[in-house]
Amino acid sequence: MTKTSTSVLERARAALSRRSGILLIAALLLLWEASARSGLIVSENWPPVSIILLALIREILSGELIEVIGPTLYRFVLGYVIGISAGAIVGFTFARVPLVRRMFEPVIELLRPIPAPALIPPLVLFLGVDDLMKVTIIAVTAFFPVAINTMQGASGVEPTYLAVARTFRTRATRILMRIVVPSTLPYVLAGMRISLALALVVTVVSEMIAGSSGVGYYLVLMQYAVRSAEMYAAIFVLAALGALLNAGFVAVERRLIFWYAPQA
Amino acid sequence: MPRWLGQLAPGALVIALALWGIEQAVHHGLVKRSLLPAPSDIGLVLWDLLADGQVTGPLSETLARLAIGFAIGATLGIALGLAMGYWPRLYRLFEPLIELLRPIPKAALVPALVLFLGVDNAMKITSIALAVFFPVVINTVQGARGVDPVLINTARTLGVGPFSLLRKVILPASAPFIFAGMRLSIALGLILAVISEMIAGTGGIGFLIIDMQRAFRVRQMYAWIVILAVVGYLLNFLLLLAEQRMLFWYRTTQRT
Amino acid sequence: MAPILELNQVGKSFASAKAETVALDGIDLVLEDRGFLAVVGPSGCGKSTLLQIAAGLMPADRGTVKLLGQPVTAPPPHVVYVFQQYNKSLFPWRTVLANVEFALEGHSGISRAERRDRSRSLLQLVDLQDFAAHYPWQLSGGMQQRVAIARALAADARVLLMDEPFSALDALTRLDLQNLLLDLWAARNLSILFVTHDVDEAVYLADWVAVLTHRPARVHEIINVGLPRPRDPITTREESRFLKLRHALLAQLMKRKSSHA
C-alpha cells in the first residue's frame, strides 16, 4: 500500500517538475489557435487546433477512425512480429553457428543499406498493392535491426558468466537457455525498439505510396481533398499511436530486463 | 588456404550462387522478366548509367538534399541537446515537447509540409532535417546528462567557464552518443529523402525508382535501387570511419 | 602561520524521499599556509562532501568556507581538486600533454608555445616527460595520478584538495606517490587538505590529522603529528611516535565503527 502511495506522490512531483515544459506546449498550441483565428495566417492549410480536435472527435464518433486505423494497425503488428521473430532467430543462429554466419552475413550486409521505401516499387510488382506487400515490407524493415543486435549480443556474452557456469558443470543446453539467451535479451530488445520506429514509418509510407486504406492513404487523400483539419487529425492519431506503442514497449522492457543497467 | 579466404569464401560463394540461380531461373522462364530481370541485364543497365554519366544528375540531387538536411538537423540537434544536458531548466522546458513530437512518423508530415513548402527542395530538406533532428537531440541529451561528474568537477576546479565546459568537456564526452544518434539519423534521413522524392518529386533517385516502375522499365528500376544501396552503404561507412577517427579513445576506456 | 583555508561551522544535509540526513555537522577546520592537513574518518562519513564544499563545487547549508579571508561560493582560482578516480578525471580524448595544458587554456596572455613548454616541464617534474604523447588510458594508475597532479600544478595551485588520491593504487606505487607529493609540497610551497581512510597515510604525510566521527560527521579531535621532516618511507614508519599515533587513531576509528555496528 505504502509503495503505491509513494509512487503516486513521486509521479505527481515528476509532473510538477515538468510544469515549464507542459506550459510551453500549451503556449505553442495557443499560439497556433490564435494565429489561425486572428487572421494572421489565413490559409486553408492552417486550421485552428480546436477545429482539428473537433474533426478528430467527429471521426471517432462516426466510426471512420476505426475504419482508417484498423488496417494500419493490423499490417503493422503482423509485419513487425514476423520481422522481429525472423531477426531474432537469424541473429542468434549467426552468433552460435559461425559457418552459417560466414555464409549469409554478406548477403545481409548487402541488403541492409537499401532504404526500405525503395523496395516498395519492386514489391508492388510481385505482391500487388495490398496487405501482402505491406506486411512484407514492414517485416523486412523490422528484421534488420533485430538481427544485427541479436547477433552482437549473442556473440558477446560475458566470458565470466560462461566460466562460472562451467565450474558448476552446467550442461550446454542449460548454459544456452539460462545464460546466453537472457544476456542476449537486452540487445534483442534494443533492436526491437529501433525496429518499432522504423516499421511504423514504413507502414505509413507503404500506405501513402500504394493502396486504398489505412492512415497513410487517408493522410494523402485528405491532402488532395484540401481537408487539412482531417489531415492534421490523422497526424495526431499517428503520434498517439507511436507514443502508445513506445510506452507499451518500455513497460515490457522494464519487466523483462529490470536487472540490466547499461554501462554508461 | 589463407585465413581471410576461409572467412570470405563461404559468403562470396553464397552470393555468387544466388545470383547464378536467379539468372538461370529468369532464363528458363521460372521468373517473369517483367518482375525480375536477370542480374546480368541489371548489371548492363547499371553499366550504361555509370558509363555515360547519367547517374550523376539524380545522384547529386538526392545527395545534396540529404547533406543539407542532415547538416541542419544534426547541428540543431547537437546544439539543443548539449544545452538541455547542461542546463536542467532547459531540459525541463523542452523535454515534454520533444517527447510529444518524437513518436510522429516523420514521413506522415510530408503531405502537411507539401501544403506549406510546395514539392520542391524546401519541403524535402525540411523533412530530412526533421527526421535527422530527433535521434540526434535525444542521444545528445542522454550523453550530456551522463557525463561523469568527476570530469565536470575537474574542469570546474581548473577554472573553466560554462561555454568552455560545454565545448571542451561535455561535447567530446558526449560524442559517442552523438555519433550513435547520427548513425540512426543518416539512415532515417536517406529514407525521408527517398520518400519525399517518391511522393512529390520530379527528380532524384527516389523519384526515378517509382517512375521507372510505373513505366514498366523494370531493369532501370532495379539499377537505381542498387545505386541507392551503394549510397546507403557508403554513407554509413563514412560515418563509421569518422567515428573511429574521432572516438579512438572511447572503446579502450570503456573496458576499464 | 596564517590560515589559507578556513571552514567555519560547516553543515550539510541531504534530503531523501523519507527523511533528511545530516551529513556534516558544525565542522571547523583550518588549513595553514604551506600546511598539510589530513582528514580521516570511517567510510561514508562525508569526507568527500566536505572536500567538495571546500572546493566550491557544492554549497554548504550552514557555515562558511573562506579562502584567504574571502568567502568561497564557486571554484576559486589556485585551488585544485584531485580526485580518487584518476581514470575519470583525465580527459580520454586528450594526450597526456594536452591534459596538462587544459589547465592553462582560457587564460589569455599565455601563448601556445609557452603553454606547451610549461606543461612539458611539469611532466618532467612528475617524471613523465617520455609519455607526453601517450593517452591517459595507455598509462598505469600511478602514472595517471601523476598526470592529474601535474595538471593541478599547471593551474598554478596554491591549495590542493585531495580526495583519497592514492587509495586506488597498489601499495608500492602509493608509497612512491606519497613521497612525490611531499617533495612537491615542500618545493612549491603548497597547502594541502588531504582526505583519506588510511591512517598510515595520514600520519605519514600530514602535520595535523583531523578525525571525523560517523554520521553526522563532526570533528572528533585534531592531532598534531609532530614527526620530523623530511620523512622517510621506511624509517619514519618505524618510529615509536608514528606507531603510537597510528595505534591511537586506529583504535578510535574502530571503536567508533563498532559502536555503530
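Every chain is named by a letter (A, B and C) in the order it is written, and numbering of its residues begins at 1.
Assume a contact is a pair of C-beta atoms (placed from the backbone, for glycine too) under 8 Å apart; a residue touches a chain by one contact, two chains touch by 3 or more.
In this text the structure is predicted, and so the values were computed from the model without any measurement.
Trainee: Which other chains touch subunit B while also touching subunit C?
Mentor: In this structure, no chain contacts subunit C and also subunit B.
Trainee: Ranked by contacting C-beta pairs, which pair of chains comes out on top?
Mentor: A-B
Trainee: Report, in whole Å, the distance between the mean C-alpha point of subunit B and the mean C-alpha point of subunit C.
Mentor: So the centre of subunit B lies 48 Å away from the centre of subunit C.
Trainee: How many angstrom lie between the CA centroids of subunit A and subunit C, rounded to a whole number?
Mentor: 50
Trainee: Report, in whole Å, the distance between the mean C-alpha point of subunit A and the mean C-alpha point of subunit B.
Mentor: 18
Trainee: How about subunit A: which of its residues touch subunit B in the complex?
Mentor: 17-22, 24-25, 28, 45, 99, 102-107, 110-111, 113-122, 124-126, 194, 197-198, 200-201, 203-205, 208-209, 215-216, 219-220, 222-223, 228, 231-232, 234-235, 238-243, 245-246, 263-264
Trainee: Per the contact definition, I'd like the list of subunit C residues that touch subunit B in the complex.
Mentor: Counting only subunit C, the residues touching subunit B are 52, 55-57, 75, 77, 79-81, 83, 85, 87-89, 91-93, 102-103, 105-106, 135, 137-138, 151, 155, 161.
Trainee: What residues on subunit B touch subunit C, complex-wise?
Mentor: 148, 150-151, 153-161, 164, 168-169, 172-173, 175, 247, 249-250, 252-253, 256
Trainee: Over in the complex, which subunit B residues touch subunit A? Could you list them?
Mentor: For subunit B paired with subunit A, touching residues are 7-8, 10-15, 18, 34-36, 89, 92-97, 99-112, 114-116, 146, 184, 187-188, 190-191, 193-195, 198-199, 205-206, 209-210, 212-213, 218, 221-222, 225, 228-233, 235-236, 254.
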